[in-house]
Amino acid sequence: MIAALLGIFGLSLLLAICVGRTHPRIWLGLNSITALSGLYAALLVLITTQPWLWHGGFLLGGETPFLRLDGISALFLVLVCLVGGLGALYAHEYWSEHHYPRSAPNGRCWWSALTLSMGLVLTCANGLHFLFAWEAFALCAYFLITLDHDNKEARKAGWLYLAASHAGTMALFAFFSALAARTGTWELGPVHAQAGLAPLFWLVLFGFGVKAGMFPLHIWLPSAHANAPSHVSAIMSAVAIKMGVYGIVRFSGWLPMPDNAGWVLLGFGCASALLGIAFALAQNDIKRLLAYCSVENVGIILIGLGLSVLAVQHGQPVWGKAALAGTFLHVLNHGLFKSLLFFGAGSVLHATGTRDMSRLGGLWKVMPWTAGLFAVGALAVSGLPPLNGFVGEWAIYQGLLRAVAQKGPAVGVLPAVIVLAGAGALALAAFAKAVGIVFLGAPRSKPAANAVECGGLMGTPMFLLVTIMIAIGLLPGLFFRPIMGVVAIWAPQWAMADPLLATRTLGGTHTLLLCALLAGGFLMLRKIRNNGTRPGLTWDCGYVAPTAHMQYSSGSFAGIARGWFFWLLRPEMAIQRVRGIFPGKARVLERIPETVLEKIIGPGVQAISFAANGAKRMQHGRLHLYILYVFLGVTALGLMVLMGGI
Amino acid sequence: MNPYLLIIIPLIGALLAALWPYKKSRPYFLPAVGLAHTALCFRLLAKPPAVDPVAWLAFDPLASAILPGVSLLFLICGCYAVSFLRLKEQDNRVFVPALLLVLGLLSAGHQARHLGILWIATEAVTLACVPLIHFSGTPKSFEATWKYLLVGGTGIALSLLGSICLGYASLHGGGSGDITFAALLEHGPNLSRVWVLTAWVLLLVGYGTKMGLAPMHTWKPDAYGESPGIVGALLAGGVTSVAFVALLRIKSVVDAAGEGVVASRTLLAIGLFSTLVAALFLLRTRDFKRMLAYSSVEHMGILCIATSFGGAGVWAALFHVWNNGLTKGALFLSAGNLQRAANSSSIDNVRGMSKVLPRTSILFVVGMFAITACPPFGPFFSELLIVRTGLGAGHGWAIGLFLLCLLLAFFGISRIVFAVVDGRPRLYKSNPALRKESAGLILPPLILLAASLWLGLFTPDILRDAWSAAVLQLSPMP
Amino acid sequence: MNDTLNLLIGLAMGFNLLALGTSRLPVLIRAVAIQGVLLGLLPLVLEAHALDWHLVLITLATVAGKGVLIPFMLTRAMRAAGIARELEPFIGYIPSLLLGAAGTIAAVAVTRYLPLLPEHAGNLHVPGAMALILTGFILLIGRTKAISQVCGYLVLENGIYLAGLLLIGSTPILVEFGILLDVTVGIFVIGIIVDRIQRAFDSLDTRKLTALHE
Amino acid sequence: MPLFIDIALRLLCWLLLAPLLPGVINKVKAWVAGRQGPPVLQLYYDLARLWRKGVVMSSLASPGFIIAPAVAWTAVVTAALLLPLAGAGTAFSFDGDVLLLVYLLALARFCTAWGAMETGSAFEGMGAAREVSFAVLAEIGIITAILTLVVQSGSIALSSMFEPLSGPGAALLAVGLFIILLAENCRVPFDDPNTHLELTMIHEVMVLDHSGPPLAMILHGAAVKLMLFSVFLAQAVLPLSELPLLASVSVLALSVLLVTVAVGLVESLTARLAFKRVPLLLTIGFLFCLFPLLLTWMGDL
């Protein structure tokens, strides 16, 4: 059954790659078939908790293919199918032939290729083929990011992404080779027995961490997400970086862990969560804001995972299980609301042609649907009840709090709780800003004023996503049940334990709360209608001629919090003040640099290029010195032999 | 008799080509002879002839592990040459015979089981390449040839000296001074250590110069940069492999003499050094043909590193020789197309080729990914195998440095390739005829890439066995 | 026989110093030529007990190649280029002389520590070879005119030829021939290229040949 | 069924009692200033009047401008319902409901900010920015306080969480929570509820454009929030759960009154803080919550 479904998944994608260039409609159909079949297969595995295994009868690169779809991969496969399918729907209007005659056909092929390769990454259980799928996935992503090929920014972002991801891949080369060398086989599976393998986890953390956008390694993420077409940003942020998470989760479950692995994960998690959201808050580019928010959410995921690793070490199934369940649910949640938000940002970009928040505003009037859906996404990503975002963080929090309450050695997670709270509050600030600046108030530029609502094909995916999100919020129990099965795969020894998550009560409370909120809003509207309203100008303390530029801008909104992170953000201001009588135009330009990239990676690159220049000087074209090199070569090797041999 | 055929057929072909009166039809000698040669090679590969241990020339396992690949590469380059030479107005009365001569001497070099013969063949190949390198006849090409000759000549002289030292080692060890590998191997333990090590150093530098290991690589970028793409392909895929085979054979002797550890250490050192230097150059060079030269230096380094791991490492190295040859060939041929169309090979002048030569550009990009070890192409598998072997042998640090170099190399190569392919093209002065992408210019690199792909995904057992046999020949299990 | 051997090799080593010391190309070329002839005669001395026709043939070929053919070509190239002097070398004449002398001494000294067969232990055979090779390198590295570099290369070849004579008893004649042929052809090709360069750049100053660099 | 009755009763007492607190505060301030001052029930009158009034709506504002206050109010009241009332305990409680409480307050904050951004007025944007920014520090403080209680009681459900620590710990926690209370409820020294048109206001500028029933909702919500924090504070530092029902409830009421009076006194005796200092004071509040946490933790080691 599952085999058949996955067969359909693969075949229809291959077909989609072939026909995609010429037949958009057929391509769309094939992609939906893919999504449905894949989703069905994943759900079957999740519900029955029976992993699906398949051994190929032939050699591929000297190894027999071995596919495995177990709970963990199924969970991520759900995301792939969901966002893959909805994104295809969205792209059909967003990146259509009509707007992008040159790149749209390629875009369709690469999209299907990306979906396929990610599916393979999730199912390959042979190190060689995993690397294979992994690299294919990285390349497809590159070609999608640089889809708009004449845009220099996009090309630069794409190369940065490619370079970073290749660095990660090299670490994975080393990891899988070492694994194969030590275990004697390329096949992947639990290897807890060999304690000697523990150090390999650091390679995993680096290799997959780059893709996951873990804080110091996130350098490629903002520019790539910002400059890619929005449906690509959506799948990159919602699914692609989850592949990195998948790697970390997968191998933290299979490898023997180093003693301090849990703490390191927590540390990176806290860094990503807090600093990521700090960067997000400071951005003026809506898509960059969303990108950095992904860094934050990866941080939250890592905190949960780190706690679970600690739980394994201390043999504490209860909070371990709660945290891990929360982590998995958050993976799903982030996939949902982040793709929703990127779709929303995409339709804003589509309608106004700008990502710069200081040129947007008042869009709710012209695109009410986008505004509403985006707002729901914002509420969810800020982790506010009764939406799905809260449920996941709630479970992670419970894991942390129980760890604290137990006063065991794991009480050291206290800072993580505080960081998580701070990050949550900052996220709220960031999204209050995003929604407020982009959709509320008065339009700050002409394009923003004349924007038009996106079409149905772009609206439907967002609507579906919102539905699922609300469903998770109201019926957490329904979703936690399969996730517990996934947790049991990650840590089989926990199968029996009860995480003590009061999901039912929470669900009930959420339902009541939602009803109350709706009722409150509705009654208030009716009340107002009865009492009567009188339209008027916004009250600006008697100021007679308010203009849209008097509104609080995104920069000023973030001002206070940005001040706290000044040491990290180092915003660069170019201020042209009002001077003298008959003053000219005044303006403020503000740029938030990529601190890590420019201040940390930059110097390293400098060092290397210095070495490269040294080497370059070797090739000066003077023949007699070339012969001298030969002579020196003889001498050096001779000396070496003398030392080593005689 | 068969092994001699492999040498004689191209030589006769060269003779005929030299005497052939018609410029237009002369190039067809290349695919014809190439086809015959390849067919013979693969027939021998399928049915390995009995090897007379004392023969000076024999199609022994080591030869059968590499020569077919070179022959295949030559065949495809030959097909390319036909359409390539059609575009050139220069006379090809020298070019074509020289190419065939190179093929013949390459076959001799691969099969040589006598140090002297090996040296003669290598030197002869070096000389036969001279007219190929200055085919374009520009002053720069003469400069390149001059450097190629003197640096290469010096290296070759050193390897002759090394051969003599090896012979003397056997003399001093009470042997007859017979420098057939068979004799040296069986005489192994008695060889005089000092002379063996001296010989090893000299031979490593000598043949290393032909391979283009740093710091003896200096001729390579000039020669590859100035010669036509097809010549670059043959130099990078064929000539270097002769030198590598030579090193393999010699190392087996050194191993037999009980100095294997030192030899491996020196190999690892020079290999890592070459890889590092090449990677650094790749970050700086601004010319996409010189880039290919440095990439070739890098891969020679990789071969040395792999060999230094012994056993499985050698197997991986032989695998990598094939992958590197085919992939590099594809890159050189497509680079040749680009250079002709833009009539420059510097990224300062060449931009947006994806709009001028779309097909070639695709080939170039794909080739780039292939050579930087992106799956599913051959180099990925061989390099992964090398990494695995190295880690298995506990060379963690070496592998770390190796991977770092691969990363830097990737940065450099991708930087240049994308600079050439992307962006807005400028108006090129070269005549539009050179900007046509005829099948004859597109198919050969395509076939080479396909071969590299196929080699990676479905490595045929016959090759696997050939490589294993070669490994067995080099380090006979006691 | 050892004395004749030492005499010839000693003379050859003397010509090393001459080659290192002179700035005049004709002198350099002649020095190398004579050196070649001297060494070419060695086989007759070494194999005096077993002279046969192909030994004589080799000797003649060597002498002809090294003593007549190559010098003639180089002289022609030199005339064509119209240069008679190596001005401003990379390594000056005094330093190269000193280096050469030092190299010679070092060669003699090192030879003591090398495990040698009795018949090679006593005489100048091995040190001579080493000295020639070092001299060759000094010329190759130290001179900037194409012709002087070719001469350096020749000295190097001479040294290796001398070293090769260590195996004269054991290496088959065919191989000897092949090697000799290769060397001659090699020098010949170099000569041609020198000529081409002279035409392309109308000078033989290799410092002009630095168009190709990063 | 009793569950619903229980909830209804609690709802009633929260809704009815809450508006007393601002009245008390104002009375205290007047008393300190030697004035007559408005009647204690003033806020009730205001609410009643506002409830009947129509609304002036900015031409820029969307329906969200009306809905947001309602949503915020609902969120705050729900949060209040989760809180136990001394001996009366909670109507219903589950593990982790404390988090729900914190995030409901956050939801309320989001809606207020939303409402403020609706009008596109510079002042209200400013107010929203300050509200959400300072809330970061306040929320950290609250979480720290909660952590203290968790470590102390070993439980993560509100119903069983309030097992106050004794002695200095309790005192420190009281101070910390009081500072956070002042900040979260926009009282002096963080904010001055008496005036609107000051550039240094936080909460009051956010509601500048609101009128009629929405404003009533906002005012009432603010009162409930104040009461919520004082109840939380009282139970966090006083061992009420030991006492019998009536006693504990009356003590709770008393202490809430005490807190209110304290707020009033602070408002009349201190001046509003220079704006730059606000984060500093909040940080101090956070530290005041952090020390008891360390104390309890050390106590257990």
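Just so it is clear, A, B, C and D label the chains in written order, and each chain counts residues from 1 on its own.
Definition applied: contacts are C-beta pairs under 8 Å (C-beta built on N, C-alpha and C of every residue); 3 or more make two chains touch, one makes a residue touch a chain.
Please read these numbers as outputs of a predicted model, since none were measured by experiment.
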Return the chains shared as contacts by chain A and chain D, ordered by label. none
Centre-most chain, if every chain is reduced to its averaged C-alpha atoms: A
Centroid from C-alpha atoms only, then distance chain B to chain C, rounded to Å. What do you get? 31
Any idea how many Å lie between the Cα centroids of chain A and chain B? 44
At what distance in angstrom does the C-alpha mean of chain D lie from that of chain C? 99
Mean-CA-position distance for chain C and chain A (Å): 69
In chain B, which residues are in touch with two or more of the other chains? 146-147, 150, 154, 194, 221-222, 281, 284-285
Junction residues of chain D - those touching two or more other chains: none
Mark out which residues of chain A touch at least two other chains, giving numbers and ranges. 616, 619, 621, 623, 627
Could you list each pair of chains that touch one another? A-B, A-C, A-D, B-C
Give the list of chain D residues in touch with chain A in this complex. 52-64, 66-67, 69-71, 73-75, 78, 92, 94-97, 99-100, 102-104, 106-107, 109-110, 113-114, 116-126, 128-130, 132-136, 139-140, 142-144, 147, 150-151, 153-156, 197, 208-209, 212-214, 217, 279, 293, 297, 300
Interface residues, chain A side, partner chain B - complex: 59-62, 128, 131-132, 135-136, 139, 149-150, 155, 159, 162-163, 166-167, 170-171, 173-174, 176-178, 180-181, 608-609, 611-616, 618-619, 621, 623, 626-627, 629-630, 632-634, 637-638, 640-641, 644-646
Residue numbers of chain A touching chain D in their complex, please. 361-362, 364-365, 368, 371, 375, 379, 382-385, 390, 393-394, 397-398, 401-402, 404-407, 411, 414, 417-418, 421-422, 424-426, 428-429, 431-433, 435-437, 440-442, 500-502, 505-506, 509, 513, 516-517, 520-521, 523-525, 527-528, 531-541, 546, 548, 550-552, 556-561, 564
Taking the complex as given, what residues does chain C use to touch chain A? 90, 137, 140-144, 149, 206-207, 209-214
Spell out the part of chain B that touches chain A in their complex, as residue ranges. 146-147, 150-151, 154-155, 158, 193-194, 197-198, 200-202, 204-205, 208-209, 215-216, 218-219, 221-222, 259, 261-262, 265-266, 269-270, 277, 280-281, 283-285, 369, 372, 374-376, 380-381, 383-384, 387-389, 391-392, 399-400, 403-404, 406-408, 410-411, 414-415, 418, 422, 424, 456-459
